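Each of the next two complexes has chain A plus one other chain: chain B in the first, chain C in the second.
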Partner chain A sequence: MSTSVMVIGAGPAGLQAASTLSHLGFDVTVVEQQQYLGGAVARHQYQVLMPDFSSGPELLRHLIERVNEDPHIKIYTGTSVEDVSESRDIFSITLSGAHAETIQSHAVVLATGFDHFNPARDGKYGYGIFPDVITGAELEEMFAKGPIRRPSNGEVPQSVAFIYCVGSRDRQVGNTYCSRVCCAVSAKQSIELREQLPKARISMFYMDVRTYGLWEDSLYWRSQEEAGVVYVKGRIAEVTEQHGRPVLKGEDTLVRGPFEWPFDLIVLAAGMEPSRGTHDMAKKFQVSLESHGFIKQAHTIHNASLTDHPGVFVAGAASGPKAIEDSIAEGDVASLAVFDYLKAKVTL
Partner chain B sequence: MSEEAVMTHLRLDPDNVGEQDAESLLEAIKGDVRYEEVIHGCLNCGVCSGSCPSHRFFDYSPRIVVQTVLSGDAQAVKDMMDEYIWACAQCYTCAMRCPFHNSPGGLVMIMREVAVWRGMEAVHRLLKPYGRVLLKVLSIGNQLTPDMIQPDFFPDWGPKIPWSSTDLAIKRKAIPVYTLQVTTSAWRVSPQTSYELYTIYEETGVFRLIEQIDPNLYEVVSDMVEDLRDTIESSR
Partner chain C sequence: MSTSVMVIGAGPAGLQAASTLSHLGFDVTVVEQQQYLGGAVARHQYQVLMPDFSSGPELLRHLIERVNEDPHIKIYTGTSVEDVSESRDIFSITLSGAHAETIQSHAVVLATGFDHFNPARDGKYGYGIFPDVITGAELEEMFAKGPIRRPSNGEVPQSVAFIYCVGSRDRQVGNTYCSRVCCAVSAKQSIELREQLPKARISMFYMDVRTYGLWEDSLYWRSQEEAGVVYVKGRIAEVTEQHGRPVLKGEDTLVRGPFEWPFDLIVLAAGMEPSRGTHDMAKKFQVSLESHGFIKQAHTIHNASLTDHPGVFVAGAASGPKAIEDSIAEGDVASLAVFDYLKAKVTL
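Moving on, here comes the complex of A and B:
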């Protein structure tokens, strides 16, 4: 019997893990509940990626072609994990959907990713009420589909505001963690917007700007220096509407005090939450969650992919908010950890 | 219950009335049992001030109140207790929005209570207009009564609200609840209820406090109490 590994989730982390596991000599089955591959990158049609402004479609092509052309990788889209049992370190995994069968796996990589926070859960932003209030992911879809226009009337926006930390760092909505990438993604989006809207006022409303490491000058500074984007320190208290335009209410904590400020378009930098699939798979494979609901890394520093259940590994945003580059790196980390785990058990 | 025990329950330490040393005021604020509930930390995000109706119109910022208390600058805190914090409308929108689950409004409440217990000068000055509210609370347990809602007392009324202050008796009659068909109290209050209220105020030290803060008001109140007690007790 060959040694088989199941990868659950076909976003950047899962696709990378599948390819690397195959290179290491395993037979791989990738199970993806959606009909498409590529996870959030595909769902929101990311065209330009943070941090390096490289092409989203090109990344997908690279990740997907590798798994499609690999005879040792089976791709099961439209398929979900129904039931899991375990006997003598072998997982017996029953699938439902397009490939309803039972598969024996020696190890499992959970790459079940994240969901964006739904801003309708926090009423103060008026999301779902005012059509010109959209999420960052919806802005990405706008970039993909055509020119940037106000959803309410199809006009070119003369002013755009980004609101940071929507659904992140906020006890009121139950998410006390930072989602890590939204600051830098918003800065990237503001630079892209500037190309389309040379005269628009673009303002960022933040409580901290967390453009970690090398993203500081390449995104945060660049958005100011090259794109003329203005940063205002103040968390938005509420969004209302006047004369058909959304109005931001808040305090400019550093300079001007209280404001009520109309904008043509509002972009909510909605944070990341553990996906439903992450919760479901954690339960089915009996791995613990950490306090925020992501899959708990058993040894955060030793190895990012170890869970507290031997034979079950994690990669990507299933274990916490993460950039695409880190998710792909973790796909490799998990593959090596699987190799390490299985080499002692079976002859490759 | 001994007098001392009653005092302790109300956090009124008689030795400290009039004690207005800045450090001891800050100590009293931070020593309040509610302090840990109202302040956890502060990111200086400004969502409290952005939400605050007073911040929009006055020199008042709940964020600055929280930051000043957290800074430990006792003199600055004391200065704030003189006038600054009294612009808070106690609407608690700040508490609803704070990402830390702080309650700046709750902190202001603690600071105001300390200012009252310590008998700060600002309290006499700023709470004077509330004398008539206090009188209602003390006499019948209501804060506001229909006949108090008059344009004279609400200079910031909009154009339509004054209508509600006219023909009070008839409008109240229209409410199909017998106990609400009155204008001098929010609902009919029986003398027996007032009698019991006075006993509570007396036992808990409220009357003693009023005597210290507003001797004139206390005089009016004690006449009222005496009259009612005579009436009730003689009818037994």
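Moving on, here comes the complex of A and C:
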């Protein structure tokens, strides 16, 4: 039996891990429950990525071509992990769906990603009630499909509000953590919007703007200075509707006053939650979760990919909110951790 | 000639890269201009690391033991790169200092790190003038050496202010970027301070609190709720002195009022700048810098370690502000990039 590793999840982290594991000499099986590869990047058709405005489809092409052309990588889409048993450090993994078989693996990389918070869970945003209230992911899909129009009437929006931290940093919905990338993604989206809507008023309602590191200039300052986007530190009370337009009610915490402003379009920067797949796989592979339900890192600083179960590794947003660049880096980190782990056990 | 790689800089990124490159089969030479290994973690004797309050000395021991015990890694401390030439994809690197020799390398990893911004460059903070105004790095050294006392008179401080974004997000000093980790490091320090100073007033003066991702609970909320630290969104006008105590003048941007508060101790969260070594090595190895003087990443998202010079890779804060965990991850990413690069050129 050759030395084989299973990667579960085919988003950026999983695809990177698969390719790197193959470079390191392993036979790799990638199991993905969806019919497509690329995770959230593919699901929402991200056209332009932050922070560098590079092409989403090109990134996917790069990641997918490498695994497709690699004879040491098998790709099982439309396939789920049904059952796992372990004996003498070898995992027997029973799959269902398109590839119903049992596979022996020496190690496993969980790259099961995230789901977006569903804003319908918090009534105050009016999501699912008012058609002109959409999520950031839906805005990405609009960018992919054509010009930006109001869902309610097909008109060009003259005013757009972004609400930050939807489902993040919010005890009431149960998510106390920050989703890390939504500030930067929203800033990127506001710059893209400006190209299509040269005259629209674009306003960002935030708690803290977390365009950390070098994102500060390329996203936050650029959105303000080149795209004329206005940032308002504010608390959102609720979204209502008047005369067919959503109305944002809240308090501007800098000028200390309540506001009640109508917008043609409201974009909710919905945060990240552990995906159902992350929960399921954590249970099947017996790895612990941290307090928010992400996979717990055994050594946060030493190595991002170690779980508390030897032979089971994690990469990408399965262990917490990540940017795509972080997820790809962790695909490498996890592959090397597998390499070190198996070098001690198996003659490669 | 065996396949050899030079790692320049022996902070967390460089030490991780050295160890991983050796695991991948290379002979590694680590060149470090200082006499010690461990970079900023060693220089400032970080005792407790964010986000998980793990031990700094233990992290260093882990990173350093691995390279010291590895027969494929040579460590050249007290050594600098004097001159570089390149012929047929082989770098001839002339060293000076403790190991004055010329080494042939097939690839190079620049892990030359950062320097802290020197707050004496901005007169408004009173740093270098008022003894009770110190930097976050100096606070780390105080934690390492003994109890926290006011430098001016040796008394226990009853009130401590942290000023965020010192030398970051500041056009006047020329650093428009965010230094990424200072918010979180300051929150960690405030929690540590509370243990020593149960009754002190501890106040954080911030622009935005950027404890992103899962740092939110473990640092930001914990500092407020467990350590009773107060966060004030404010702009700092200047630090003066009255009756032997530094006085912080500024404007609270939330309650819209000026303040003038004396503190026993003021901690400046000084940001990161490209180190002199980063500048020097970028020039010697002919890699481009981005607009702030960090080493420019050729593909931000695809691979964090690629520069625009084939065979020269980057890891850690040399390419921009990073947390230690990011720098260690990038040590792995750079090692794999070297592996892929050399696999195409050399029979390993």
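Rule of thumb we're sticking to: the second predicted complex is superposed on the first by the 347 of 348 C-alpha atoms of A that agree within 3 Å, B and C clash if a C-alpha of one lies under 4 Å from a C-alpha of the other, contacts with A are read in each partner's own complex, and residues count from 1 in each chain.
Assume contacts are C-beta pairs under 8 Å (C-beta built on N, C-alpha and C of every residue); 3 or more make two chains touch, one makes a residue touch a chain.
The model shown is predicted, which means the values in this text are computed figures rather than measured ones.
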- request: With the two complexes superposed on chain A, say which partner A:I90 touches: chain B (first), chain C (second), both, or neither.
  value: neither
Query: Touch check for A:K124: first (chain B), second (chain C), both, or neither?
result: first
Task: Using the touch definition from the top, say if A:F294 reaches chain B (first), chain C (second), both or neither.
output: second
Touched partner set for A:I148, first chain B, second chain C, both or neither: neither
Task: Based on the superposed arrangement, let me know which partner A:A98 touches: chain B (first), chain C (second), both, or neither?
output: neither
- request: Applying the touch criterion given at the start, work out whether A:G250 contacts chain B, chain C, both or neither, answering first, second, both or neither.
  value: first
Field: Which superposed partner A:R235 touches (first chain B, second chain C, both, neither)
entry: first
- prompt: Of chain B and chain C, which one contacts the greater number of residues in chain A?
  reply: C
Message: For A:D170 in the superposed arrangement: first (chain B), second (chain C), both or neither?
response: first
- prompt: For A:P258, is the partner it touches chain B (first), chain C (second), both, or none of the two (neither)?
  reply: first
Query: Once the two structures are fitted together, what part of chain A is touched by chain B and by chain C alike?
result: 169, 208, 233, 253
Message: Quick check on the complex: what are the chain A residues that touch chain B?
response: 124, 165, 169-172, 207-208, 233-238, 249-253, 257-258
- line: Seen from chain C, its contact residues with chain A in the complex are 20, 23, 49, 51-52, 54, 59, 62, 169, 176-180, 208-217, 221, 233, 253-256, 290-292, 294, 299-304, 320-322, 324-326, 328-330, 332-333, 335-336, 339-340, 343
Message: Touching residues of chain B toward chain A in the complex: what are they?
response: 43-47, 49-51, 55-56, 61, 63, 96-101
